[in-house]
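Next up, some structures in structure tokens.
The following pair of complexes shares a single chain, subunit A, combined with subunit B in the former and subunit C in the latter.
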Partner chain A sequence: MFDFLEGYDLLGAFWVTVQLTVISAIGSLIWGTLLAAMRVSPVPLMRGFGTAYVNVVRNIPLTVIIVFTSLGLFQTLGVSMGAKDFTTINFRLAVLGLIAYTAAFVCEAVRSGINTVPVGQVEAARAIGLDFPQVLRLIVLPQAFRSVVGPLANVLIALTKNTTVAAAIGVGEAALLMREMIENEAQLILISVIFAVGFICLTLPTGLLLGRLSKKVAVKR
Partner chain B sequence: MPVRDGGSGGGHGDGRHGDGDGGDALVVLRDVDKHFGALHVLRSINLTVGRGEVVVVIGPSGGGKSTLCRAINRLETIDSGEIFIDGRPLPAEGRELAALRADVGMVFQSFNLFAHKTVLENVTLGQVKVRKKDKKTADGRARQLLDRVGVASQADKYPAQLSGGQQQRVAIARALAMDPKVMLFDEPTSALDPEMINEVLEVMQQLARDGMTMVVVTHEMGFARSAANRVVFMADGRIVEQTTPDQFFSNPSSDRAKDFLSKILHH
Partner chain C sequence: MNPRKLTKAGVAAAAALALSFSVAGCGDDGGGGGTGGDNEKITVGIKFDQPGLGLKTPDGTYTGFDVDVATYVAKELGHDPGDIEWKEAKSADRETMLQRGDVDFITASYSINDERAEKVDFAGPYLLAHQDVLIRADDNSITKPSDLNNKKLCSVTGSTSAQNIKTKVAPEAQLQEYGGYSECLTGLENGVIDALTTDDSILAGYAAQEEFKGKFKLGGFKLSNENYGIGVQKGSELKAQINTALEKMVADGSWEQAVKKNFGPAGYKNEPPPKIGEIVR
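What follows is the complex of A and B.
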């Protein structure tokens, strides 16, 4: 029944999916947090940039962003992300696009977490002489993150599934392999089920683990 | 944004000018005005707090007491006027403001202990990050202060596990850990259950006896009587009267103060 799987590197393709997800997750967490910091900063220019970035990027379809990294950044502007072979270039471009896109959602999740931190926490931090970056790093963000583990888990799950868009620029992840198999094999339903189950195997534990973590780290007031 | 009219005309010279107390002024407010929208919360406030002096600010709610207290370390901005701490004008923002705030201890009505940090970490944080002390020295100092306010045994708990009175005493220790020149108390006992008020007041009494310069906004008349060098009575954004506690409670000179005292002391 599963004979048709022979000759396809199913695990390899999902491994690329995992790599795309993990690297993009780390990148978008960092960039998204910086964006959130900008959006609450006292500097109007930074606030303006953060707001504009989020509102532009989150309203563009991911496919457009990913295709732009390839056609716009690489083929037109010659940005090759420090790599020589096409596989690596496309992989890195896809990561760049996924980070740029996902960071907008991370930013909004983190910002909603910042809004849950009582203003008294900030006042107390300022009153002992901490400056703005210290207040943010030591008091506000640690409490904000604890309250948005759940929403961030949603973003991470969405990111995992969004990595399939990387197939549009030929990154050899799960969705690209699925397309190839559908073209070559007469097992449409079975192939779809295999890939659906594959993704659920990646995302379900993520959701469960982060849900548990969310309860564990919640700040008691 | 508050209205900025910059006008300090009118209402000038209502309260007597700060008595200076020997001329060693630590906190000086000169013609300070502030509006919240249409509400004129501080009207030409002139106040001088001498080194080692305990000034208790009392008066009806909404009279500007808390705003005055918060303006001294610029948690509230002011529209016009000047504030000096130890001879230096209060910086508007940035690193200098942060440095100055470190010298001004603040205790809040709602405690505001850092919820994600243990009691000990609450008291060491400022020492390590602002005063740049090493962890070990800061720990030692923190434990000594926690012992002084009577919560040494709670050092490893989180704020939410403590009673209100304990939390407020930790908050006092946190402020003291910065070795402040002056301590501001913004209604420190107003959010406490009655049986916990005394444990906080006792710590404050001890501080006052030790010579700490204090500005205390409170409704605790007993504390004002026993610990204050001077009582400042505020109503409608003005300092209406400032005098010794004895004089104020036995023989207030303004009608506003008489009215206020008659309402709070007769039951």
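What follows is the complex of A and C.
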């Protein structure tokens, strides 16, 4: 029944999916945290930028963003991300697009975490002479992150599945291999099930592990 | 929202739901059972997005070679052009649509191969196409298939043509895969991509479009053989009737006319009409 799988690099394709997910996750965590910091900062310009960024980017379909990185940034503006061959260029463009998109959701999750920290703590921190970056770094963010592990796990699972959109600009990940196999084998349902199971294998452990972690690190108030 | 409004919205939603169900029910009756006989309608699957083969125009009519062939065949089966219901048959959906009986037959650049022939029956072939490349009209650096090796090629994600390039034709070439041909054409126009590759019939259709006239040319390489067949349900008696219709279409010259009309402007040198049941490997 499964002999049609022969000749396809299923693991290799899922490995690219994992790479896309991990690199984009790290990138969007950093960029998303910076955005959250901007949104709660005392500088109006930064607050404005943070708010505008989140509201614009999270309301654009991911496909549009990913296709734009290729057609707009690469083809029209010539941004090749320091690479020469299409495989590397597309991979990096996809990572860029995924970071830009996912960071908006990370930002909102982190900001909701910041709101869980009692105002009194911030006031106390300011009273002993800490400036804004210090308050954020030493007092607010450590507690905020501990309370948003759960929501961030949601974002990570969504990101894992969103990497399939990278097939639209030809990144050789799982969804691209799926299209090749459907084209060749005329086994639509069976192939779809195999790839669905593959994604569950990636996301289910992520959800369970991070779910346990979130219980363990949660701030008891 | 006050409770009264809420009830109203609920009633409206329920009505909409009921309506959509009943509409869906009608669609099934009209579309599925029409394998000739007492029902006058016939449902045909085509591509909606391939100029020259099957294209839905903005005013809701359909043009292309596949459309002309389907119209002729339907006429021979006893259905007027007005009785044809066109349905979009995307590449990945074609086998399922036939097996479920959503369409009576499919003419949608449907290449005959063994895997597909296990699931559905093919009438024809009605056109022998080849994988080819479309290059900029002023580009003289690509004259033979081996020239492609250090070039930048583009095709549709997961398509047979894309896989063919990776494994056989030009493994050294860089391949860009996009969701559709139009993205490739943008790249070809502004020089990021050197050649767009897929079946020559599809390429000719694009090159013949008004906005691209004179900008692109076909390479004329025969990189593969694609035998376009008409897909019907496994074991359907339509196969024999369609084959007869196709033979008649070639014999009375309508086939030649349809080729000229749809591919002519691109300088496409078509193969002679294929013999029914003869598949060129």
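Here is the rule we go by: the second predicted complex is superposed on the first by the 221 of 221 C-alpha atoms of A that agree within 3 Å, B and C clash if a C-alpha of one lies under 4 Å from a C-alpha of the other, contacts with A are read in each partner's own complex, and residues count from 1 in each chain.
Criterion: a residue touches a chain if its C-beta (ideal position, glycine included) is under 8 Å from a C-beta of that chain, and two chains touch if they have at least 3 such contacts.
Because the structure is predicted, anything quoted here is derived from the model rather than measured.
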Now for A:154: first (subunit B), second (subunit C), both, or neither, which partner does it touch? neither
Taking the superposition on A as described, I'd like to know which of subunit B and subunit C A:130 touches: first, second, both or neither. first
What is the contact status of A:112 with respect to subunit B (first) and subunit C (second): first, second, both, or neither? neither
A:51 contacts which: subunit B (first), subunit C (second), both, neither? neither
Please indicate which partner A:214 is in contact with in the superposed arrangement: first for subunit B, second for subunit C, both, or neither. neither
What is the contact status of A:169 with respect to subunit B (first) and subunit C (second): first, second, both, or neither? second
According to the stated criteria, A:206 is in contact with first (subunit B), second (subunit C), both, or neither; which is it? neither
Subunit C touches which residues of subunit A in the complex? 4, 67, 70-71, 74-76, 85-87, 90, 167-170, 176-180, 182-188
Subunit A residues within the subunit B interface of the complex: 42, 118, 120-121, 123-131, 134, 138-139, 142-143, 146, 219-221
Would you pull the subunit B residues touching subunit A in the complex into a rising list? 73, 75, 93-95, 98-106, 108, 110-116, 125-126, 129-130, 158, 160-161, 171, 174-175, 178
Would you mind writing out the residues of subunit C in touch with subunit A in their complex? 91-93, 95-96, 115-116, 118-119, 152, 157-160, 162-163, 174-179, 183, 186-187, 190, 192
